[in-house]
Amino acid sequence: MMKLMKGALAGLVMTAGTAMAAEDVTLQLKWVTQAQFAGYYVALENGFYEEEGLNVTIKPGGPDVAPVQVLMGGGADVMIDWMPSALAAREQGAPVVNIAQPFKSSGMMLTCRKDTGIAAPADFPGKTLGVWFFGNEYPFLSWMGSLGIGTEGGDGVTVLKQGFNVDPILQGQADCVSTMTYNEYWQIIDAGLSADELVTFKYEDQGVATLEDGLYVLEENLGDEAFKDRMVRFVRASMKGWKWAEANPSDAAMIVLEYDETGAQTEDHQVRMMGEIAKLTAGSNGALDVADYERTVATLMAGGSDPVITKAPEGAYTMEITDAALK
Amino acid sequence: MGWVVFAVAFWLATWFLNAWIARGPHAQTRAAGLLVPVIFGVTVIVVWEALVRGLNVPGVILPPPSAIWVKLVSATDILWEDFVQTFVKGALSGYIIGCGAAFVTAVLIDRSPFLQRGLLPVGNFVAALPIIGTAPILVMWFGFDWQSKSAVVVVMVFFPMLVNTVQGLADTTTMQRDLMHTYSASYAQALVKLRLPAAMPAIFNGLKIATTLALIGAIVAEFFGSPIKGMGFRISTEVGRLGLDMVWAEITVAALAGSAFYGIVAMIEKGVTFWHPSQRS
Amino acid sequence: MNKLLPILTVVVAIMVVWYAAAVGMNKKWALDQAERAGISLSTGALISDTWSQDRPRLPAPHQVVAELWKSTGGMVIKGKPFSKRSLIFHGWITLSATLAGFVIGTSAGILLAVGIVHNKAMDMSVMPWAIASQTIPILAIAPMIIVVLNSIGVQGLIPKAIISAYLSFFPVVVGMVKGLRSPDHMQLDLLRTYNASGSETFWKLRLPSSMPYLFTSLKIGMAASLVGAIVGELPTGAIRGLGARMLTGSYYGQTIQIWSALFAAAILAATLVGIISLIERRMLKRMGAA
């Protein structure tokens, strides 16, 4: 039934395509509208998608949105996700495939208050750490796994599911919280703690970095040449957007603000975020670096007794789209 | 398509079966009263299973009941730990504190119509504050463990309980109160012997409403920060991990616990207010 | 007057407690900051600091009111009442989902109640499950409802309205079943002596006598619809509406914004319930019931 409907829908799109109308692509973001996704908003605003004959809809995510679920349900054609949760989903029977990787480096880190006496990862046992869940806990769990630190309290660390903000470290409920270089870290600073009162551990520096914000589609769709062609154009335009955003960070931030419908984002925060994001996208032309992929897989499988994925995934990425897009 | 046809056929068959029992000579018996909803429930489950199979719905969107059952049986220890954390520590403690405090407040303001007239509208206003907004605030105040969940439950159940109790205490006729006067009963005596018993149906109404609120409040509050156990934590985490069978196993536990909680309060009510017309049918 | 005075007294009392609590709860942060800056605060400076922090644990009432005014009346004066920074805009988004959900939920509830009253099998089988359905945490299944509806192409307002309907139908069912059954034997017998048909009994006796019950449950249902609409905003990306405001407020640690959205929601609920009470009073008066 589902297939039937999708078929009918694809048929509709095809007939629309022959009538020279723009083809629809729906992108599901991993999180709310913010400069983390500037490249896509820039491509939309500056007409890069239009030039490729695409009519792109961007759906913001949020704490209660699982992008993979939306993709499986047919609510989006392509999604942004972190590789750990995408690979875990793949092992759970959701056949998602990485088609492009605009983010080269990881922005994830653990931020601690200096007065808790934490100076190195060896000091973690006995402390309380805030972690995001909802599929974002995998990098943390693999890191702890590779350090050999338990996450069940006792001799190991006590883990809190931190909400969507940095309150636990401000209110003293946790010794460390998870932060992104481009977002939560600055919220701590904004709240009044200064950088020299904090100690940060970047996943990148600890050698346990996993790939973030990549583009993923359903495997079955890749069998369809028309779909592949749309993705090639989508990736090409998106990367154009990213490079524009890297070159014009403050303009890009303003474009993102335009698209933020909650009206809760501030200019300062977005401009700063864009600056940090540019550091992470720099060095990627959109194509996945297989070495990074292998490192991510190795990190995820090294998770001690309870690894995030149990066997090396096959076919979890394809170079076809980026090869064609970057030609 | 076979499964879909089967689902429709099964649904029609059980529907007629239920209609036949309900119209039949034994409709008033206790057995029929139990059997009919059970048949209905079984129908829902069978139709669900058949539709999920027939329409090839992916397991990450809606798992079939059989998969949920497998999870329910195999993950009992996790489910039990979550149940203790959320229901016993969070919901139950909040329920007792909230309902208890509301009851005491109602009795205290009973002598002051002035306070009642002021508190009730304000109370209704506060009760309309949506939990999505209050939960993150209370988590910030009371920390991540069950105390904050309990606080959310207190806030949720306090005002419905207060309103019901105040209404209940007013639920006596002039005649009855005059009778108490002629006995020269003191305020306390009149309260204990006449007005509190008369208030029981309304009080239990409040207690019953509070049961469903308590469980929902405790679960929702865990979405906004929690230790790494609890029903709300498990639900939100497993949705992100696409472990939908676990999510539905937790939902099943929540529905069973909620219904049982409601049922127990309703049974106590039956024992306490056996004299009230609504209990004599 | 004798209605207003007690309410005002209570409100004033709450304000006093609130201000005191704001001092108590925000004190730690103020002292922390002062200590780090190496200055000591006088009591007066401490109190004024606790009432004017940017991200207080508990914002003082005037901060909430100021934020409410800034994002509603202030926006109107600036001529941008429907800007996305205006609570009027977000309130409107939530309101439209609430009303749609309320209409769906109430209609479904009334139909189900009529079915339950007239069909024995339905009465016996559906009622226990309707109670069980309310013990399911809606926030947990809301994302699934959205995804499932998405996969059959339903988007936008409708999924939110369905979640809101799910919460509002239950009180209506319970109230209407009670109401439709409220005519006693004497009245039913009277209609039988008139040789009234089933539908005549329904329209002329059962329905009119269920009105007081209907209105009571409509008021509960309306408040529930609003909560449902707010919950439904979260899994749809939380881009617009009062729920989205609360969430982003929480996400960015802007407590004042959460509080103002919270109060906007409560004011909206109170207004909607007030409108229903007004209709109730007029209608019951016309029917000669009150």
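Observations on the structure shown:
Per-chain residue numbering starts at 1, and chain names A, B and C are given in the order in which the chains are listed.
The rule is simple: a residue touches a chain if its C-beta (ideal position, glycine included) is under 8 Å from a C-beta of that chain, and two chains touch if they have at least 3 such contacts.
Every value quoted in this text rests on a predicted model; they were computed, and no experiment measured them.
More inter-chain C-beta contacts link the pair B-C than the other of A-B and B-C. Centroid distances built from C-alpha atoms place A farthest away from chain B. Located most centrally within the structure is C, per distance between chain CA means and the overall CA mean. Computed centre separation for the pair chain A/chain C is 34 angstrom, with centres defined by C-alpha atoms. Chain centres here are Cα means. That of chain A falls 38 Å from that of chain B.
Centre-to-centre separation between chain B and chain C, using Cα means, comes to 18 Å.
Among the residues of chain C, those touching two or more other chains are numbered 57, 139, 143-144, 147-148, 151, 234, 247, 250. Residues of chain A in contact with two or more other chains: 2, 63-64, 66, 69, 72-73, 163-164, 167, 171.
The multi-chain contact residues of chain B, meaning those touching 2 or more other chains, are 61, 136, 140, 223-224, 236, 239.
Across the interface of their complex, chain C is touched by residues 15, 18-19, 21-23, 27, 32-33, 36-37, 39-41, 44, 61-62, 114-119, 121-122, 124-134, 136-137, 140-141, 212, 215-216, 219-220, 223-224, 231-232, 235-236, 239, 244, 247, 250-251, 254-255, 257-259, 262 of chain B.
Interface residues of chain C, counted against chain B in their complex, comprise 2-3, 5-11, 14, 25, 57-58, 119-121, 123-129, 131-141, 143-144, 147-148, 151, 223, 226-227, 230-231, 234, 242-243, 246-247, 250, 255, 258-259, 261-263, 265-266, 269-270, 273. Of all residues in chain B, those touching chain A in their complex are 4, 54-61, 136, 139-140, 143-144, 222-228, 233, 236-237, 239-243. Contact residues on chain A toward chain B in their complex (touch as defined above): 1-3, 63-64, 66, 68-69, 72-73, 85, 88-89, 92-94, 133-137, 151, 158-164, 167-168, 171, 173. Those residues of chain A that touch chain C in the shared complex are 2, 5, 9, 29, 32-33, 59-66, 69-70, 72-75, 163-167, 170-171, 187, 191-192, 197, 260-265, 269.
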